[in-house]
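Order as written gives the chain letters A, B, C and D; numbering starts at 1 within each chain.
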Amino acid sequence: MEPVKVTIWNEYVHELRDEHVRAIYPAGIHGAIAAGLSGHGSFDIRTATLAEPDHGLTAQVLEDTDVLFWWGHVAHDQVRDEIVDRVQHAVLGGMGLVVLHSGHFSKPFRRLMGTSCSLRWREAGEHERLWNLRPDHPVMAGIPDHIELAEEEMYGERFDIPHPDELLMIGWFPGGEVFRSVCAWNRGLGRVVYFQPGHETHPTYHDPNVLRILANASGWAARRISRDMTQAPNSPALEPWHGA
Amino acid sequence: MEPVKVTIWNEYVHELRDEHVRAIYPAGIHGAIAAGLSGHGSFDIRTATLAEPDHGLTAQVLEDTDVLFWWGHVAHDQVRDEIVDRVQHAVLGGMGLVVLHSGHFSKPFRRLMGTSCSLRWREAGEHERLWNLRPDHPVMAGIPDHIELAEEEMYGERFDIPHPDELLMIGWFPGGEVFRSVCAWNRGLGRVVYFQPGHETHPTYHDPNVLRILANASGWAARRISRDMTQAPNSPALEPWHGA
Amino acid sequence: MEPVKVTIWNEYVHELRDEHVRAIYPAGIHGAIAAGLSGHGSFDIRTATLAEPDHGLTAQVLEDTDVLFWWGHVAHDQVRDEIVDRVQHAVLGGMGLVVLHSGHFSKPFRRLMGTSCSLRWREAGEHERLWNLRPDHPVMAGIPDHIELAEEEMYGERFDIPHPDELLMIGWFPGGEVFRSVCAWNRGLGRVVYFQPGHETHPTYHDPNVLRILANASGWAARRISRDMTQAPNSPALEPWHGA
Amino acid sequence: MEPVKVTIWNEYVHELRDEHVRAIYPAGIHGAIAAGLSGHGSFDIRTATLAEPDHGLTAQVLEDTDVLFWWGHVAHDQVRDEIVDRVQHAVLGGMGLVVLHSGHFSKPFRRLMGTSCSLRWREAGEHERLWNLRPDHPVMAGIPDHIELAEEEMYGERFDIPHPDELLMIGWFPGGEVFRSVCAWNRGLGRVVYFQPGHETHPTYHDPNVLRILANASGWAARRISRDMTQAPNSPALEPWHGA
């Protein structure tokens, strides 16, 4: 089986600015995920960041990508609309997209959902427990009934998203909130996965269960087809006996 | 019960340009729908067209609208993005939207779906039969097991839309195609209905079954709440005993 | 508008056996719900219990019912299969069904879901917070962003149900669990609502928010059509030009 | 990769009774499918029929099955309820189930759907065209935009099923009907696929596209986990700081 071609996009701002974040993610969040995935399967991984030309997401890179990860937070607005068009087009044409944590407010995710993707939040270093609703689902392979994260930002409902095609995990926070933490949607010929944990001040992307889920999501959401679906063909009748 | 406040938007281009279309819809497609709805319930109807300032869709009009109809075809690109933002925001905040026929490629519909909304098509004046999958659904109230239209443009699968939250009718064409002709989605706090029939050269919006469905859709998709969901509130913990 | 014809079914065993339960529900759980609904709309209410002939659910009663409530717990097995057939048939033919709390394991609910409907549970008198995911939904009309119950039995995921057609509320428990507490499905021509709160030792069915939701659910799930869908008709071709 | 363990169940009545059917399926429908699958992947195939003890579906067989095919028509009632319980339990515990054609009225399918599964039908040897709505889906791998069958029984809407979790193909018939021909649902930990073509008097299960879809469905629906989900565990609190 061919390795899955993964591109991990990170705005890569916090890590450069903030020593505390850099201590947790010295190679950037993208670097941590890249390193973590490697232990869980056969992946051909590249990374891309905001500061690169085209944010590192040229047409050629996207064509050569089976699944794109997206982490962004403070710089959503700096992502150029032209690149967002390109990412959307790639997903509709078959590329997978895994949107991480604060990426809920990223342009590509909001574009593909059509909603505001707002939610409630609190930075209090609470622990989080994520309940596994679909132990049968490929994205949940090897994941127990619930997993625990020692500290995470709280994200709470109401999460303004379309009804997920599949709801895989619900998060619980000690402060009293719940969240649809792992969801999946089909969009065009591509699959979109949202994964809630991963605030930059917490070591979430070093957690073995989190990495296992992300590796599973890479395999599951990976491109299975490549086709431009934007054209609306004028189609001749298929039935010769049509008496128009 | 208060009358439902309906705004019928039509680009209103074909009717002014093309004598044949004008003969079918002398008061415009919007005028025909407005007249037709009146016989099916208690509606407070206004219309709006592309040529009006703000395309007739000021913030105040949308706030005062329970459900917006949208018919467009040749002038999708002339709809200003600012107005599309406004329509999207209104739907997410609770307004209903009924997208008609060639409106599948309109900016508001594509914005809310997140997909290309492409399809296959043929102008051959074929008849169409629409099968009722949900005789129990409020939008299908009073509609028989199938309805017939003597002539319509063919729209065929694959229709590039998200999996509908509800699939109400499937269309059959003699040339050999099928189509998910009546679908509904929740987006934010609003309901979106897509209704396939209604090419400008056919008298579809004079058909009693069609008008009954559109009247039903007005009632069903009408705003039930009004709220701005775009903010992501920082939320204090609800549990006093949280030991962070 | 005609009043909604509600039948509230209760196995009515705990209240007769257990003084503590009887103190909370002196007229039975069915009596409390009947009294509570009355304040929230125009309902024509009858009740039915296990001990009655046909468990109070004759064919005539079901035909004359728009929405059936179901509360059961210790006596699921005593419900006769013939009556379960009748309830299923009524739902498929258009009657609404609102399944309460421990009714998750009732025969009619499992029959309509096709799954085991198992879950995890704990009787510890914890408080519960229910988050409103669909403030726009008719069943949530008038319900705030979250509601609180001072004491309730814990029900936790994984709840073995089909993916809900609509997910309205998610419950949070201090012991660390979450639950899809208010869900809706279409089955045949009927609507099925599951509502999690309501253990017999807690005064849940006296809570104003709970009663408001149940009243809303009565209106929303109420029969809108009456038809026997069990027959598979041999259908002549509709197209005269069919050259078989 | 381990071969997928497929069990093909066929009531095997028509083939023994009717010379015309036997001419098309000399080894039985189960035999034709078994032979056809072999060319499309790595499968470990067994067959089972109504006349065998336990209809060939002992507990051990089901435990050792990743995906079960089901073809039945005239003998649905002869399938013992005990075996239906067993099949349902196996699906909820992770086994895949592919229900073929007239199996829409089989006991296992109706049990898992919870609805009547009725439809309209006509035996007129019409051709059928099936439109591919999900070219990206594993079950549709290698299948073109539409496929054609030279003769098939007509199955038409309204098909009384729960809203499919995924709708893969819609069928078109020259007599004027449409049908949700290929659908998928999750039930418990198992996946259920319904595939409409396959009347016993037509050579459908010799068609290369049909066999490709069935082979794909075997891989996609195959068991990924094995677990008994019927128990409802009493669960201790996970949060030590719970102040009940």
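Note that contacts are C-beta pairs under 8 Å (C-beta built on N, C-alpha and C of every residue); 3 or more make two chains touch, one makes a residue touch a chain.
Everything numeric in this text was worked out from a predicted model, so none of it was measured.
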| item | value |
| --- | --- |
| Touching chain C and also chain D, the following chains | A, B |
| Higher-contact pair (C-beta pairs counted), A-B versus A-D | A-B |
| Classification of the chain B:chain C interface as same or different, half of numbers criterion | same |
| Inter-centroid spacing, chain D versus chain B (mean Cα positions, whole Å) | 36 |
| CA centroid of chain A to CA centroid of chain D, Å | 33 |
| Contacts with two or more other chains, residues of chain D listed in rising order | 129, 135, 156, 158, 163, 165-166, 174, 176-177, 186, 188, 238-239, 241, 243 |
| Contact footprint of chain C on chain D as seen in their complex | 88, 92, 105, 111-116, 118-122, 124-126, 154, 156, 158, 160, 162-163, 165, 174-177, 185-188, 229-239, 242-244 |
| Chain D-facing residues of chain A, complex | 94, 129, 134-136, 138, 141, 146, 165-166, 174, 186, 188-191, 224-225, 227, 238-239, 241 |
| Complex interface listing, chain C residues touching chain A | 129, 131-133, 135, 145, 156-159, 163, 166-167, 170-172, 176-178, 180, 241, 243 |
